[in-house]
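In order of appearance the chains are A, B, C, D and E, and numbering begins at 1 in each one.
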Amino acid sequence: MEIEKGKTYKYLKEKREIPESVKENLKNYTRIKRTILDVLKEGDMTVGQISEKTGLPRHDVLYYLMTLAKYGFVQTGGIDDMDEYFYYKIKA
Amino acid sequence: MTEEKKKASYDALVIGGGIAGGEAALNMANNGFTVLLIEKDLSIGGKMIHLSKVFPTLDCSACITTPKVSEISRHPLITIYTGSEVRNINRLSDTLFEADIIKHPRYVTEEDCTGCQLCEQACPVVVSDQYQFGFVGRKAAYIPFSIASPRVAAIDIENCTLCGACEKACPTKCIDFTQQSIEYLVRVKTVIIATGFNLFDPLKIPRFGYGRYKNVITAMEMERQLAPTRPFNTVLRPGDGKVPDRLAYVLCTGSRDVTIGNPICSQICCMYSIKQAQLLMGALPMADVTIYYINIRSFGKGFEEFYDQAKGMGVNFVKGKIGLISEKENGNLILRYEDVNANTVKEAEHDLVILATGVVSNPDNASFFTNNSLKLDPFSFICQTDMLASPARTSIEGVFVAGTASGPMDIPDSILSAGAASSEAMSYIISKQ
Amino acid sequence: MNSKIGVYICHCGGNISDYVNVEEVKSAIADEEGVFLAKTTMFACSDATQKEMVEDIKTNELDGLVVASCSPKLHLVTFRAVAERAELNKYNYVHANIREQVSWAHSDDKAGATAKAIQLVKSAIAKVRLAHSLDPIVIPSKKAVAVIGAGVAGMRAAIELADMDCPVTLIEREHFVGGRVSQWDILFTTNQTGKELVTRLYDAIISRENITLLTGAEVVASSGSIGDYTLRVKTTPRYINEMCDPGNLQKAIDACPVEVPDEFNFNITARKAIYHNFPSEYPQYPVIDIKNCTRCGECEKICKSVDFSQEGKLVDIKVGSILMATGFDPYTPSDGEFGYGQFGNVITLPQFKRLVDINDATLKYRGQVIKNIAYIYCVGSRQIEGSESSTGEETRGDGNIASHDISGDNRYCSRYCCTSVIHAAIEASRKFHGLNNYHFTRGIRTYGKQELLYSESLKNGDIYLQSYEDDPPVVYLENGDTMVKINDIMTGRQEVSVKADLVVLVTGMVPRADNSVGSLFKIPKGRDNFFNEIHMKLRPVETVIDGITIAGACQGPKNITESVSSALSAATKSFSYVSKGELELEPIIAVIDGDLCSWCGLCAEACPFDAISMVTKGTKEIAGINNSICKGCGMCLPVCPVNAINLTAYSDRELESMIDALAEQMK
Amino acid sequence: MASIDTQFGNDLKKFGAIDFNACYNCGTCTAVCSLSDEQNSFPREMVRLSVLGLRDNINASLKPWLCYYCGQCTTHCPQDAKPAELMMSLRRYLTSVYDWTGLGRKLYTSKVWEFGTIIFLSLIILALFVFFHGPMTTELTDQGGVKLNTFAPWKQVEIGDWIMAGLLSFFLLSNIFNMYLKIVRKERGLKIPLKLYFTELYYLVIHFFTQKQFSKCDTLETKKKFAFSSYWVIHWFLMSGYVIMFIMIVFFLGWFQTDNIYHWTHPQRFLGYYATAGLTVGVIYFFIARIRKKDEKSRHSHVTDWTFLVLLFITTITGILVHIFRVNGMPYPTYYTYVIHLMVLFPMLMIEVPFSKWSHLAYRPFAIYFDRLVQAAKKSV
Amino acid sequence: MSLPEKRNARILVFSTEKISDPAIDMAGLLKLHYPPTVYTIAVPCSSGIKPRWIIRAYEKGFDGVFIAADGSDCTYGETCTEKTGQIVSRTHQIMKEKKIDPARLRMAAICSVCSEAFVKQIKSFNQYLLQSLSTSS
């Protein structure tokens, strides 16, 4: 079978079932990404503040923030008065 | 892949592309022997390539590892299979082994990938990044880490939605979902096992709360936070992103402990904890770092001086092993221990706790040989059958061990042991000729 | 001057061309001096483009090649190979990094990136115009290695080298081989004795034809460099021709009237001037200690093979590489340190090990039966400089209290001693029943699997006490008994004491006191005075002196396994210097302009490898570079007051033309 | 300055200590102990003192009595040095130290002495009955019960009880006084105001009756399941049964050893059943635990542990049988069982209360009391 | 206020092939931006840079020269840092003689993964050079 280069995913898609959890994970990430970016539109926030606004556990907020930072959506701002928590903001 | 390539011959098979396996392969190749290096992971460099700085010289680990790794990967006499596993090794004759090797599909044609990361940008899927211990996410199409070797993308097929975005983005058309596992039958004269070690799983000690308490992490996780390619770009506690200022090290987590079946000392934890403490004092000048220990084992060249230096910098050393860890509402942790010096039980509050997890054997060690049995020691490390005169020798003639596959070792000792293994392998081949 | 240069500018599939206008770059450089052809390519590294380059070079007879693409760390070797395939010397190729250092770094400024790319390519062209063909420096390397020191590390390295088909000369200063290991009885982890291990290695050595063993031999002079060392070795005669009948030998030994302290037993016993260390000692010939011999002739009367006419010889050995395995000395406590030399029953760990070995049914020292043994750890290790006796009351004056001033400055931990003494105590308890072992420690360091030994010792009932460095144990006399007391930190710093029949000072390892051979080769030493490797992790057995490797405890404290591992590593390294019979060295080296140079010596001082020395050129004294030693670092360049040194491929002309090219548009 | 004595360890092994030499002093045991606190940290200190054989420190220490053997220290000991079992053997050892007669040591360390004493004391009871028992009447009471008081008149038995109680009290109290000297008087120069002896008495009483320290003695596992330790509940049940029974026998024998058969709600029967139930449940529980060896605290049994359990078990069983035979009108079984009951009961009490296991019932609250005294006195200074 | 003629200073960086050049590469990899008027020439070791090359750069129009030194990671020996320092001080001397502001030459040890440090250094150097250029002109 000749498979067109650049479209090989179609070939595997016929052979391989995508687990629900994988699709779920993608939806989940997309949703949380939107939620966090929406919340950050209101202003710079710390992990705790984002957690309160979104209801996500703090450690999850940190994970998503750092991932968003890695892919260029979010950046780290200043630190609070106690030198304890950083503020995060949408990357210009 | 052509048929003839699936059946190849080399002088040596080195299992494990960590620093020991790499050094052994390089030693042999530099003396004119052909080597096949098999690495299970997507990149060679083992654990060392992920470390921050290394004791006692505090030189940056990546800076030492990457030149070595590129020397290995460029060497004309070394063939490297990453993402590959040895399924079994069969002795054919006195001087010949046949190894059955499987190379798992990467879904990327390695030779064509330029490491441009466009596929990574295109991929919509984010999953936890195993190279950063889940502190951040990565894509399903990804380059394992920025200093990976080969610096080539891979598709995490388990998490891929097969949307095709990466394939559309790839300028060299190197993504290939039709890839399948390839099997090789390789004939070699000698085998060097350099499968390394595993870190103790702290979930086995529930009273330390690892997994339950987000601010209890392992030293390897801290190592990532301190490395130049770190996940948070600074040191933060994973529970809520706070900049920690009272850190505690729990030494002998999973070492010198019969209750979890590992009575031996892991040999490296004292030193890497002292090293991290020094780095933390540099990164967080206001922070207090306390190391809870039974005995400090700073035995190697320059180690005692390094320990003294840490004391001089203000790292707090407390003699007494941590017994219990409990969490407060604000995520801080209460550590209960006996201060042996003061002869009393005490409790201390810290905002980040680092478990100095010990060295345990890699379960792969035993599984390679079909018609020979590889003798293991009581802790499932590979038994050195002539430890004093030929430390790399194993119970199978022609099979040698390098690095931590034979027991806990620090980096300099691993490299020396790799030197010993390659030396014995070479003299074995030459004297058998 | 190269004038037919081909330039290839890579799109890198958009990685470069998305930010850098590669066509603009091409047109900007096309008219540069010497550029014969300029092309853009989607992937310079692709097989098709590589073939195209080879074609271009061959058909157009290009004499220079510039590739502007990703970092040279990724593809320098690739394009050097392309040049070589096209029969163009690889040093006529220059790489311009316009991905990592241009398109990616300046993806925020496309115009700026393009401008920078143009300058970088121009600078590369400027360099390639001046480039020369270079060939690697090839020097012959004699396939032979000298191993200095026939302890366990040296012996093991010699065997390994011999098995790799490399002739070895094994040079031992003493008359017997085996070094320290031959002095130990049962060894940890195997139940072999030191003598058995040495015997095994000795048998292996004499069965190999390509090992020459020289005992009683010392290197007195050395010349040459890597690949071509000449060692002058001076041998001391044994004064015995062959083994005489064992019965007669014993009689001869008995007849000798001279008694000197036996160094093999660390002076706890005496030996004669004609001696061997133990009956199976290797080589099996005894030896006459000529320094102490009175030439009375008694032995000669009994044993016919005694021959005082033997004379020392000087031999020259030519080798390509030298492996140093000269070992260590046990630390000798200073007089009065924990009662050493002051109280009769204070000995060192090596002495104790010999004592256990030479005693049979009961453990006795100086006629006293030993039951209670106190071991004092870290003597001569982990010392704090200048820290004196911390408890003021104790002075050396009354003679009843040993001062414990730690006057040394061996700050390092000797690594092997914890395990060694615990093992010795276990073995002693096994051999002599009813011993009580008291360990006065500074924290036990039985790292790795050695921890099991510590556990075993605890279960045996050995008592461990611990103090910190500022409060060491005290040895003192009480009613004629030797006592040891300590403020034990594990018992709330309570002061506890023990009556000791024998006090064993657990002495660490120190560098060899007589290190003339190290000085001969100028091997650098570390802060701890042991030999220093180049880099603990990258090059752990190499020294900065090319061709000289180090192994075993001469580099720092090690146990037997660690010593042997390092010996085998060093053997590999030494072998790789000589295995091919020649060495290929990078041609990038310093070059002296003989007209400008008038020998001031500053460059020789600056060179970290001792590659520069004075030579005479005609009547003039100038600096000469030893091509086989020079590493091409360039440290000598800036120190020359008359600018007489240049580095190949980095000459003033090349560098300045590059700078000029980069600065072209600025004025 | 103290002198190290390696013989002490060997001595302690006779009291049941094992493997404690393996200790490398990490302090895990002390850290996981739920009873250990800043004032009183154990068990590592006791392990250490035992290894070095510092007798004076050990003899003056209260800490063994503050441990209730949850076994956490042994479970988590990385060297498997069994600190809990060491604490147990130190309690045995200290019992023998407090005992000025020297009998305690003999009973703990010599099986000949242990069993010889039991047999000897049993024979005394047997002899008394052989020579002095009342008529073995088969006549039953109006309610159909056995006339036990005819065979063994309670007044005579009570005299015996009082003699026994006197002996027990004498030995126990003198031992406690000895303990007081070793512990409180050891604190040289510490003056204890007389008033404190009374104000702190509260702790003696409260700890004797509630054993509330014991209720805090928790394993990490039970902590999750219960508000207090189930082990403590059973032990308290056993202890209360024993104390009630002891009081009834010694002080109210005339009321307890009656020929009447009351309704089961009558205090005589109700208390009797309660005490018997406590003893039975407790004994069976500990029996099973020691056989199954599942919990750390039951894994190691000294010979005296078994002796005590067996004696208590026989006492309880025979007591129950006497009651059954009596109310069901079976004269001879009643008499014989009664004799056997006393033959076991007497040696058990004589050995266990002042010299052996049961003395901990007194030593533990006294230890807390003495500790309070010393602490309070130090504070008042 | 008139717009400054150039927005960035022109800086010549001397990097070293094994240590600091990989760090500069990685800065690009991590998309850490710095002015595109920064040009790099890689040499084997920072202690082999001749002062005349540096002076040449000023003469040809560079605003600043930055030496990305090997530091303690140098493979040629421990004396590297010290010797590079000597080169810098000697060049400073020449610069003074030639009336060139010595602050236009900077040096910092850049390890092979110290990309952030490199970018930070370059940015602050650029700031300084721009400032001094605007005040001097």
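By definition in this document, a contact is a pair of C-beta atoms (placed from the backbone, for glycine too) under 8 Å apart; a residue touches a chain by one contact, two chains touch by 3 or more.
Small disclaimer: the values here were computed from a predicted structure and weren't measured.
Student: Counting one step for each move to a touching chain, how far apart are chain D and chain E?
Tutor: 2
Student: Using the touch definition from the top, list the chains contacting both chain B and chain D.
Tutor: Both chain B and chain D are touched by C, going by the contact rule given at the top.
Student: Count the C-beta contact pairs for C-D and for B-E, then tell me which is higher.
Tutor: Between C-D and B-E, the larger count of C-beta pairs in contact belongs to C-D.
Student: Let me spell it out: compute each chain's centre from its C-alpha atoms, then which one is farthest from chain E's centre?
Tutor: Checked the centroid distances; the maximum from chain E is D.
Student: Compute the distance, rounded to whole Å, between the mean C-alpha positions of chain C and chain E.
Tutor: 36
Student: How far is the middle of chain B from the middle of chain C, if each middle is the mean of its Cα atoms, in Å?
Tutor: Centre separation, chain B to chain C: 26 Å.
Student: Measuring from the mean C-alpha position of chain A to the mean C-alpha position of chain E, what distance in angstrom results?
Tutor: 38
Student: Go ahead and note the Å separation of the Cα centroids belonging to chain A and chain C.
Tutor: Here chain A and chain C have centroids separated by 51 Å.
Student: Quick check on chain B: which residues sit in contact with 2+ other chains?
Tutor: 57, 59, 67, 170, 256, 263, 295, 340, 343
Student: Mind pulling the residue numbers of chain A that touch at least two other chains?
Tutor: Answer for chain A, listing residues that touch two or more other chains: there are none.
Student: Which chain E residues sit where two or more other chains touch them?
Tutor: As it turns out, chain E has residues touching two or more other chains at 22, 26, 29.
Student: By the document's touch rule, what are all the touching chain pairs in this structure?
Tutor: Chain pairs that touch: A-B, B-C, B-D, B-E, C-D, C-E.
Student: Could you please specify the touching residues of chain C with respect to chain E in the complex?
Tutor: Answer in residue numbers: 71, 73, 97, 99-109, 112-113, 115-116, 119-120, 123, 535, 538, 544, 588, 606, 608-609, 631-638, 643, 647, 650, 652, 655-656, 658-660, 662-663, 666-667.
Student: Sort out for me which residues of chain D touch chain C in the complex.
Tutor: Within the complex, chain D touches chain C at residues 1-4, 6, 9, 19, 21-25, 45, 48-49, 51-52, 54, 57, 79.
Student: Can you name the residues of chain E that touch chain B in the complex?
Tutor: Touch residues, chain E against chain B: 18-19, 22, 26, 29-30, 72-73, 111-116.
Student: Across the complex, what residues on chain A touch chain B?
Tutor: Against chain B, chain A makes touches at 3, 5-13, 16, 18, 22-23, 25-26, 29-30, 46-48, 51, 58-59, 61-67, 69-71, 76, 79, 83-86.
Student: Which positions of chain B touch chain C when the two form their complex?
Tutor: These residues of chain B touch chain C: 27, 30-32, 54, 57, 59, 64, 67-68, 70, 74, 112, 114-116, 118, 151, 170-172, 256, 263-267, 295-305, 308, 319, 340-343, 377, 379, 384, 387-392, 407-409, 411-413, 415-420, 422-424, 426-428, 430-431.
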